[in-house]
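Right, one structure below, let's go through it.
Each chain gets a letter, A, B, C, D, E and F, in the order it is written, and its residues are counted from 1.
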Amino acid sequence: MLVASLHEDVGTGDITTQSTIPEDTVISGRFIAKEPGVICGLPVVARVFELVDPQIQLKACFSDGDLVEKGSVIAKISGPARGILTGERVALNFLQRLSGIATRTRHCVDAVRGTQAVIADTRKTTPGLRVLEKYAVKTAGGVNHRFNLADGVLIKDNHINAAGSITKAVESARFHAPHTLKIEVEAENFDMIDEALACRADIIMLDNMTLGEMAQAVARIGGRAIVEASGNMGQKDLLAVAKTGVDIISIGALTHTVRAMDISLRFQKADE
Amino acid sequence: MLVASLHEDVGTGDITTQSTIPEDTVISGRFIAKEPGVICGLPVVARVFELVDPQIQLKACFSDGDLVEKGSVIAKISGPARGILTGERVALNFLQRLSGIATRTRHCVDAVRGTQAVIADTRKTTPGLRVLEKYAVKTAGGVNHRFNLADGVLIKDNHINAAGSITKAVESARFHAPHTLKIEVEAENFDMIDEALACRADIIMLDNMTLGEMAQAVARIGGRAIVEASGNMGQKDLLAVAKTGVDIISIGALTHTVRAMDISLRFQKADE
Amino acid sequence: MLVASLHEDVGTGDITTQSTIPEDTVISGRFIAKEPGVICGLPVVARVFELVDPQIQLKACFSDGDLVEKGSVIAKISGPARGILTGERVALNFLQRLSGIATRTRHCVDAVRGTQAVIADTRKTTPGLRVLEKYAVKTAGGVNHRFNLADGVLIKDNHINAAGSITKAVESARFHAPHTLKIEVEAENFDMIDEALACRADIIMLDNMTLGEMAQAVARIGGRAIVEASGNMGQKDLLAVAKTGVDIISIGALTHTVRAMDISLRFQKADE
Amino acid sequence: MLVASLHEDVGTGDITTQSTIPEDTVISGRFIAKEPGVICGLPVVARVFELVDPQIQLKACFSDGDLVEKGSVIAKISGPARGILTGERVALNFLQRLSGIATRTRHCVDAVRGTQAVIADTRKTTPGLRVLEKYAVKTAGGVNHRFNLADGVLIKDNHINAAGSITKAVESARFHAPHTLKIEVEAENFDMIDEALACRADIIMLDNMTLGEMAQAVARIGGRAIVEASGNMGQKDLLAVAKTGVDIISIGALTHTVRAMDISLRFQKADE
Amino acid sequence: MLVASLHEDVGTGDITTQSTIPEDTVISGRFIAKEPGVICGLPVVARVFELVDPQIQLKACFSDGDLVEKGSVIAKISGPARGILTGERVALNFLQRLSGIATRTRHCVDAVRGTQAVIADTRKTTPGLRVLEKYAVKTAGGVNHRFNLADGVLIKDNHINAAGSITKAVESARFHAPHTLKIEVEAENFDMIDEALACRADIIMLDNMTLGEMAQAVARIGGRAIVEASGNMGQKDLLAVAKTGVDIISIGALTHTVRAMDISLRFQKADE
Amino acid sequence: MLVASLHEDVGTGDITTQSTIPEDTVISGRFIAKEPGVICGLPVVARVFELVDPQIQLKACFSDGDLVEKGSVIAKISGPARGILTGERVALNFLQRLSGIATRTRHCVDAVRGTQAVIADTRKTTPGLRVLEKYAVKTAGGVNHRFNLADGVLIKDNHINAAGSITKAVESARFHAPHTLKIEVEAENFDMIDEALACRADIIMLDNMTLGEMAQAVARIGGRAIVEASGNMGQKDLLAVAKTGVDIISIGALTHTVRAMDISLRFQKADE
């Protein structure tokens, strides 16, 4: 994927750099945080430059998951100028995006700290980047929901309608799916919760419920299943949601609405 | 890329759908805008479902670039339930993201309407999605800056330092780069502008200047080069920038800081 | 994968067929079972010939999972001779192998019929063919264990040693793995079973136990976890294993030791 | 192919190992033969672990083609525990399968030792693994038949029917195929043999003949062509076949019906 | 390969055509031979345009291998203007190159017409285009030498030196190579020819011999092996070479020194 | 691409070399120019052998772009014989072809030396090799025209007809294409030149004009646009063309009609 990203950005060659910078020019620079945030993506940055030119040296000053202040030096780079300039944009595009996800995730994790609830991601990720984006969530203290449609059973409305009932859908899934997977049912009301409990669903997702409904649902479930809160959680008061007693709060916005963290690569003058 | 995105999301198979939904079940549904915005990505949605199952019918009610209201039916879908549910998430991930970019771009385009300035994108795109993201910008009324490092010459600080001077860098680029490419120079002050003009740069990028400086720069250039304003333009008063007389305002945030447009796929009951 | 398999077998072209058979020759033939068995792989055969030449017609006389007698006509084929002869070997290689797996699986499934136990596969599959081989197991009435290392947690000796104890390993896995996955622990003795139960493992794998030990283990577990029997099950009396009360019997030999089912493609004389 | 096999087995990550084993844990282990056999695939094992983690050390104690006893240490491995456990299954799947093929091939080669006959493979290989499986046959003392449809001319029934006669088929093949390839004709009776000899076929394949017929055929051919015996040879008395005087005995079962050799990777306790 | 060639030429999009030609414009044109030659590559042209836009209609007026006059209409094309203009260059690059090879090959074939000799190609092909270039040679009446290093044995100097002698090299090759392949030996003098004959090489390549030496060699071999003439044959009097009695004349220049045939795509005015 | 080229040439293995040359044989040899020319492709040769076997040592005696005499040693190679012989043909195919292009380009460059004109390539390159072929042109002193349809605007007849006029086509392209690209118009007569100048085209291509017409065109344009001469320039008197005052002479034959430079790899005797 990194190779493809470099091809995408470099095309048939970085014509400006090749035209203006002699092959033996060396430079050094620093990745600077221009705002506070949680850093994520340093191994990706290292790999990008290794692919462009193995002679480039990257020295990370922080680890993925670290919180940095505005002005912090995140990493130092030195080596052949042509390679560094050619890889710069791709490296920054990954670093800024993943750090943006990590930063937002950390805010959510901090918001529910001290409660039993954890913050989870969803499959609302950028096409092609799911593994990296879920890594960013994990790095920042969140937990990962299923990676794809094969490694988790999540029974929704349409599955229930097609199967005939929650009970039939759960039984069918229990029979067909690998026994290593838990079975999760999306419930919109208390009747659905009761039926899901009756057929021993492992996880119950409360979809778009009010705080009051969630608290009631948690009480009703009484520890017989894991409880997940879902539905525009990116715009909710997460602490209040956590206090209803749910186990997991899953937030699509962690990955579908991302503000890139502002990070720049500043080069040093020869005499610095 | 769409094939890879489906593999990413489906993995070894949609175990829930295969377990609970009979192979011959058919459903129909509607893509609904849950907020106003500019739609982009409908051909991608069509292609995703065609890849999953050619029997799925998608009927678009709008065209890419159209502004829709909250509640608008963007497209109608019908066909085998298994395929529709399996492709749903990938289709939405593309549609929401591209529409998010188109919507933000349109706001910027509207902000400078009536002036000479146009809104341009940058290379700060999501790795792997550049062609689609630049298509979204274009669709919404923006213009595309260079696609990659091979189809435009943009001389920055480091190139100037390595070459020795703006003049040397421009001459070197003019000699080496295909003659079909214009030469752009990033200028931070008036001396740099003067030197760029002297060696006949085709485009001058004003980097991080104040409104006053930009206006002065435009006057100084006096039509001898295209003028591009750049530097955190996502957070500026775009109309004020446009009124300084610059030709192009390039905004990285169009693609690096994206809020997915809220769009959902609602299925219909059998009796609807 | 089918395209790659055709490239592998055809190389730069089927030189014999191109040399000796005129382009417009058409033939018809039948896939014949030369021994009884469970058929699996007909959609693969259809796709292989579709890739070689879309004009080839394949008409299946059975469905995947059907038991056929010696001499049964499994499918009929007709169309351009060049394409049929070029695709023949690849089609048979898939069909014979998958039917061989399905046939062996069915024998195992039949052996435990009437008990509570189900027959499961493992990850001991042929590199590159896992999805197809697990499909053959499923088709024949077996169940699928996890597809890969990402969609199931299975804690073995080494994990326990590294983590410090079963309890620590389970807790660590519960914290880090997606909550959609169950946690399975491999136990070699009753102490390990007790510890696994104490930390609420979802599945306990009894590794290489005697029939007596397995029966004792099932009693001890008492329904608090799913019980899986494992360890050279391909050479055991499966009914006796099933009668110990285990829920799942996983058998590596279903896929690692395969006897291709004997199936041939017989062509018809012009006057038949 | 090895990369694809690792992707197939690892998916989005080895969740158990990542959850329970600290990044800096090192382990060492031994690949043990649990039954006698001919080892094949050690370079594949080495490459698999090199792909997973270049820090893993693999020291082979035998070479491909060596016969090992039950209990033999085939290779020793040491290094980062995470990588070793992540690559274990793929490495074993290759090693066990290729060693299974080599072991069976050696039995056949031994059966005809002292005669003029050699044992050859066919194109009845596992899709995707042909190069490796033919390497296993070669390693064990067998010879390779053509690798694909492009590097050998083998004229069968259908080619003869389409061309009009053996003579026409051979002449056509001689004209069209590269002159570097020999021409082989499949013969079912003595008339066909006579015609093949008359048009100077280089190789004659005796298909499904009895021992008596084969002996007669060899006499009739009298050294004017290479003679290959074919047709369910996996179930024949190979020494008897060899004694008919044929040059080559080709056996599809060498690769289509494989019993994986029983090999395990045993890890050592810290104090061993 | 055709997809890759289109990506190479189109990059991120045909910006000129997209900017200037409305989406619904249709045009029609003709591929015109601007010099006489042998046409080759029409199916490639058809596939290129099918990949660009399935609505484009291509009607070939000749078949591959046909000789056309200057001014001949080779094919007619009509359909969406955007697609036709976008695919034009790639289609012509293939058609002109393959026709150039076919034309040169036909000249060589014609030069030896009436003799026993045939014209063969070599492995001196353009990287990536071997299958197509060998197809062009075949189409024009030449024959194909081996496609790659796996489907023919050709023993040269270095092999002989390493093996110890021609005899040892031939025996070793006969033992190791598939028995479906003939064994060819490159001979530079009569001693080498004698040794090659003595160990029953199937083909003897006369490397860089004079006409007189070739005639002597043919006499000496006396039909006991196929005789191939090689070594700068592109610059020799082919009829004279053929008259020495050699069977095959292989010519690297058929594919390594290619003059593209001059073919253009002329569009018609609306009123034509 | 180099990996694919090796696969193309090696297929399933170099059967001759593996059969006759012991694994530990080492050889050394020299790449010899058998005619004078401009060398190009040495880094490709180095990479080919590195891919085949990293133990092979290649020492270049010249740099790309250097003129060599007949008999010059271009590079020396030593290492494992198997790898060197296996990679030889692919390495030479690249080296001879690229050096052929470089040599022809240098002749053209020399022909116009002392004038203002430069020699440019076109998109008439071999499918799959464009980047390398354009590199050869550049290396020999030529300049590169656009790499693909995305990085240059070139308005021809059909674009003009579809848009309605040169003016409309240029305006449309200026609006839609990235502002980093110049706009080139192909002109067949003076009216077209005048209109192109009036709408400020950046480059005017004179298509198939006589020397007289070109001189007149240059005078008329008077420095207001870059002037490019095009149309069978491979067969023209380049100095005469240059003397008309055009800036650029683009020649399709540089890459579409290539004579491979004659280069051979000679191995040394053990005692040399």
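Basically, a contact is a pair of C-beta atoms (placed from the backbone, for glycine too) under 8 Å apart; a residue touches a chain by one contact, two chains touch by 3 or more.
Quick caveat: nothing in here was measured; it's all calculated off a predicted structure.
Common partners of chain B and chain D, by the touch rule above, are A, C, E, F. Taking each chain's centre as the mean of its CA atoms, E is the chain most distant from chain A. Once the centre of each chain is set as its mean CA position, chain C and chain D turn out to be 22 Å apart. Chain D and chain E have Cα centroids separated by 34 Å.
Measuring from the averaged C-alpha position of chain A to that of chain E gives a distance of 53 Å.
Chain C has residues 11-13, 130, 147-148, 150-154, 176, 178, 181 in contact with two or more other chains. Taken together, the chain F residues at the contact with chain B in this complex read 120, 143-147, 150-154, 176, 178-182, 184, 202-203, 226, 228, 247-248.
Taken in their complex, chain C has these residues touching chain E: 11-13. Note for the complex: chain F touches chain E at residues 1-2, 4-5, 8-22, 25, 27, 81, 85-86, 89-90, 92-94, 96-97, 100, 123-130, 147-155, 157-163, 168-169, 172-173, 175-178, 181, 253, 256-260, 267, 270. Those residues of chain E that touch chain C in the shared complex are 130-131, 147-148, 151.
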